[in-house]
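By letter and in written order, the chains are A, B, C and D; residue numbering begins at 1 in each of them.
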């Protein structure tokens, strides 16, 4: 899927895979957070962030599957993933589910950021 | 938007409007539930149901906007809306946000049920 | 992810994977169909069906990722996938993209149908 | 829904309404374009743009309904709406459906652009 006219070859398929994985882990982590209940006062904003991240990742994946190139959408996805990943990493550093989510979000933030040219 | 070959005229535009409204109220009620915290042990399943209901309503609205006719999708939407509306009505009968959500869900369940031929 | 109280073990993870793959192939096939242009008079309905199938598959995958169990949603997904797969198979039997799409749709229809208890 | 710390009052409800309307018109216009068939060689890219615009508008509306504030998502929505609106306006200046779509897209681009601080 070579879609750029430049010498740089972007890994769209890799970015699609990272977005799909991040979407999945965020949905599962939302469910996990519901079951665990409030951990601290930051929780409501954290759950909302997981919902945001799941949705923008799917939207961004769909754009790339359709072959659309909007750096702005990739940039927005990178920003939401970065915020969500950092939140997951800090809310409960010893929680395996949240750490898995943090890793998926930060990996996705990095690959989306590359395509967005950041 | 007369899409049926029968004598019955279905109100697709009305059903689309009910689905869009139900989607909106469910998303707002999810956010409200996060902020309020757990009320009782049913809460995690309730929040998940709000997420389910918001999504199937949007999907069903999109099908009808595209002019697609799948009674199965309308039937699935009616079922999820009915479950979500009944849950909202019973979790906190004196909570205005949840009662608004219950009304939107049950109205949507009724109009989707009509189109699904139930 | 054992979510059923019966002796039957449903493969939810397998069904999620089939839905995600079907969603992806349908989006790519829509784009392919745009580029190829109209093949026959059935084309507009066919493209709409691809959009429908992509969306209900993602919705159904998201329900299962959240751990929700709605047989009605799986049943609706099975019906749309079946219609889309049969259309893809008949529109252009010698077209590799459409045949790949037909296979993904019919595989997804089968696994969703199992979970829906059909 | 006062969500900004500044003196400027943003009309989030108005922006949500514009996004929902733009989503609806784009889906209907996609269907219309399928039925009309290719008008010119730009058509495949145009239909893809309608799909993109419908999706980012819904995503952006959902973010705001949840009470999330991501200027990056509003900015991405503004960019896609702007591209789609300009395309609709130029593809067929005498086509009522496309002109209605162009107006909805450009109105949404303007309100999203305001919230994005552009």
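In the analysis below, a residue touches a chain if its C-beta (ideal position, glycine included) is under 8 Å from a C-beta of that chain, and two chains touch if they have at least 3 such contacts.
All figures in this text were calculated on a predicted structure; none of them were measured in a lab.
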Taking each chain's centre as the mean of its CA atoms, the one lying farthest from the centre of subunit C is chain D
Comparing A-C with A-D, the one with more C-beta contacts is A-D
So, in whole Å, the Cα centroid of subunit C is separated from that of subunit D by 28
Distance between the CA centroids of subunit A and subunit D (whole Å) is 23
Residues of subunit D that touch at least two other chains are 30-31, 48, 51, 62, 66-67
Subunit D residues touching subunit C in their complex are 30-31, 34-35, 37-38, 43-44, 47-48, 51
In their shared complex, subunit D is touched by residues of subunit A numbered 48-49, 51-52, 55-56, 59, 62-63, 66-68, 70, 72-73, 75-76, 79-80
Within the complex, subunit B is touched by subunit D residues 16, 20, 24, 27-28, 30-31, 58, 62, 65-67
